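In the two complexes that follow, subunit A is the common piece, with subunit B as its partner first and subunit C second.
Coming up: the complex of A and B.
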């Protein structure tokens, strides 16, 4: 190390950036094709299942932002989906605004709630933070089950006494097929929003905080501001997810957002793999598509919970990076076994 | 220039620092003393992690008491840690960028500043290597690069020399000696390695039980019988 010569000063990217870009472009094209073909080929049952799964993938993304970036456990994110759904429904019914605005309103409202949920995080971490956020999820559950979701009625709560009115879907996506594609686009936008954060200044500050608070302080990171920001972003994502769920079904059920679901969302994000972009997608599929698949086979969907428990044990004991990490390891092993062309196996 | 006046830090009933007064004007100052002497406490006071019970510290004439914790890096107070604190999920360049985000850039392109800081410690070849893949010595160098980017005034190093090979140790010495010339910052170096201290530090401050027992040119201070007594535990000959 002591003699730095001119040769060591030249450096190159470890991976060819053009190849990487091409790989991502191919992945994106395949994904777009899959979404397009799938939405045409699927039955209504599966379409609705996948709409929910995509929305919940956004919810799981919100958990993974907090967990993977900052190492913080929030067990209130599913409750925040409910908050986002409530405000999206209320704004949509009350003001008759376009769907996009209703979703945004849901996101912003949940971000504000997320901020409140995150306040204890300024002083606590680990188990204590988990417990406090779980209690907040419980409080939100009580509010939601007491007041229910707006369904076209008058007044602040917007409860109708007669027929329940469905939430207006986006102008571009009235049918289930189109709405599925719409949700897929929003999912991609949410990933983009998170990527923008992670690659940028907030992501670096979060990484410093996750390393240790003294490290962040010594580097001049405003810990409070960046933690609050992360909780607001996570709340926003959860709120958007809740709005999308509301748009998918047309209304929301007051009993569908118990605190236990928040634990489930967190657990499955770990099982899916919080550190990888694939993790939230896998978590979304496990939350909705897996039980639906069991139902399709005429097996009780509740068995899924048992499977999830086993999956969580497995993830905690042997696969800290979740299913996504295992898939990536498997892909790496395959590539090493079958090197297609020289240099492909790294 | 660091001016420490009547600095006292109490941890419950224990005095971490006891009415310490010192003026440290040299570009590289050593800070030595036996375990528990208050070296790390002094560094923590300067970083702002520990609040002094009594007393003030001024850097370049500015009282540190008025500078918020998260603004000290931007003010120019930087440090490396006894247990390295390199962020493992950022690259070496990302680690430097994470600090550069919060400190003045003097309107120079960020890329230039990052490459200059890593170049200074000889880590340009590792610019894109993740923190997790760096070895112990490389991590230490990344910490120094983080501490020297963006107009620092004071760089404090807590035992940077621990566990290094001969080659690494020599490189580290040249890096430490070069910090003042490279970015104009004053260096405060805590280490038990007397060779490292005498090779790099112009002056040395010796602490014991939170108080100053000697300050002056390094060779003179290290030869001082009271310092040798505090370090080696030799009883002073009583008359």
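Coming up: the complex of A and C.
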């Protein structure tokens, strides 16, 4: 008995339990609970709306990484979503690989595509990146509407002449409810990937570039390389989002990726709050759930566009942190007003 | 080998509308430091308003004037009321804010007029003359003449007038010019008026030459911005050359079999090449 030591006593948690705030644990638990309850409680229409909202939250995350970390403005992220969706569909139909591999392929392809096209602008001032990516969004719109999305046919383009084949959903998530949970998990993984970058070496380099490019250069930071890295990461996230979108419906519509959608995605990321983790979630909801809500009330969808445009102007002029920032400010003000028990306050 | 001559002529006309729009963008950027992404949307609004007035039986000259007037006053209002609030932020942010304007205008146009296929008809469409074996409608000739005229007028204005001198001073160094007593807001306001008027004229012509659609006309800003990139947002002659090259290339590619459907990607290719050309010497500009 003496040579068996109790391993449980010496084993320590990989994370210091004092550093994990109860608040975050509660938030995570509530989120998991909400995803489970929501997916069972919603009608099919709303379930599909939420699936695409979650996928677009990843797309918005890609905008916010560029904007919040480096102040880079990319107006082509929704178009890159289309590129990722195209490759995911192509790989899924052509090779019959598992869903996970298909969306990874979509992510990598979108990152590579974005990089090749964005490279000339990444070496110049920010304004040129905005201009080049706007044109890129226009060019991708042309490409997608000319080629269409693969739907199970032969050849490089994969256009079938007969019935359209749906993209195979992941093995784990065949139903809409399960797929919603699946997308939620991928969303969390994408947040984790971004957090890993921000907390790590690239995040430090980005912070330095953000503060001053001259200082970063003097400090030995390769500015263009880290900008390229950020752009590639954002492209990857957008591509993954495109793959998830394709998996949700089973196919993609060639007319659903106009340049105006890319502008809308950027605008809503700013409106939602690019600097906060809540921002992309709010942006995804506004991009899909808000028009669906208007649709429910039989209000013209163009009203949403007007609201988003006005929201962008408002956010840029008076609320640079967006809705997320205003929510956080409101929470802070509430906490200051009602401090609660002295022991409970952090 | 298809006959390229008719495409060349129609390309020159489309190019003229790009030039009109691009000259507005460059003048505005030089004077106020704002790249106006809503130039196309302003033109689209002008075209829709003219179309509506003509549909209701209004006299045509009044309709065109009203369209241009609306785009001009909207540009002026934005430049006077909203743009100064962003005067001290990054150039990218000031450009991105105009995307908000474009979205609002897109939404309004979609709500009021919808995306039905329409075309604005100008009476000059039916008049035409022969030029080296090609029939040229008067609208195309007028578009070309307007582009040449307005470019020359704007260049003369910048070179000769006191206001033009002030705009050039602002383009050189905003802070120093303000210190020397250049009325910044006044010069800015006039720049917005010039660019709004050019946007309106360009939009009405383009709605006649191609089609009257909010989305298409709003994103006609892409070739115009591309032309401005070729002119580095400062040189008007280079901008004009860029606009003409883009418009003509787009049109000439129309009858070419394989690449024809992708001709709208021409502005993108042009500006990427222009950016690469600007980087041929490895000069790095840090702010």
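By our rule, the second predicted complex is superposed on the first by the 321 of 346 C-alpha atoms of A that agree within 3 Å, B and C clash if a C-alpha of one lies under 4 Å from a C-alpha of the other, contacts with A are read in each partner's own complex, and residues count from 1 in each chain.
The working rule: contacts are C-beta pairs under 8 Å (C-beta built on N, C-alpha and C of every residue); 3 or more make two chains touch, one makes a residue touch a chain.
Values in this document were obtained by computation on a predicted structure and should not be read as measured data.
**Q** Of the partners subunit B and subunit C, which touch A:201 in the superposed model: first, second, both, neither?
**A** The first partner, subunit B, only.
**Q** Using the superposition on chain A described above, determine whether A:127 touches subunit B (first), subunit C (second), both, or neither.
**A** Only subunit C; A:127 stays clear of subunit B.
**Q** On the A-aligned overlay, A:214 touches which partner chain: subunit B = first, subunit C = second, or both, or neither?
**A** Touch partners of A:214: subunit B and subunit C.
**Q** If you stack the two complexes on chain A, which partner ends up touching A:306: first (subunit B), second (subunit C), both, or neither?
**A** Second partner only.
**Q** Would you mind checking which one, subunit B or subunit C, touches more residues on subunit A?
**A** Comparing subunit B with subunit C, the partner touching more subunit A residues is C.
**Q** Pick one for A:222: touches subunit B only (first), subunit C only (second), both, or neither.
**A** The first partner, subunit B, only.
**Q** Subunit A residues touched by both subunit B and subunit C?
**A** 214, 217
**Q** Which stretch or stretches of subunit A touch subunit C in the complex?
**A** The touching residues are 71, 73, 75, 117, 120-121, 123-128, 130-132, 134-136, 138-139, 142-143, 146, 213-214, 217, 258-260, 263-264, 266-267, 270, 300-313, 316-317.
**Q** Provide the residue numbers of subunit B that touch subunit A in the complex, in ascending order.
**A** Contacts found on subunit B: 47-49, 69-74, 78-79, 81, 85-90, 94, 97-99, 101-103, 119, 122, 124-125, 127-129, 137, 141, 146, 167-168, 170-171, 174.
**Q** For subunit A, which residues count as touching subunit B in their complex?
**A** Touching subunit B from subunit A are residues 1-2, 4, 8-9, 11, 13-14, 201, 204-205, 207-208, 210-212, 214-215, 217-223.
**Q** Could you pull out which subunit C residues touch subunit A in their complex?
**A** Counting only subunit C, the residues touching subunit A are 35, 37, 82, 85-86, 89-93, 95-97, 99-108, 110-111, 215, 218-219, 222, 225-226, 229, 261-262, 264-265, 267-268, 271-272, 275-276, 278-279, 284-287.
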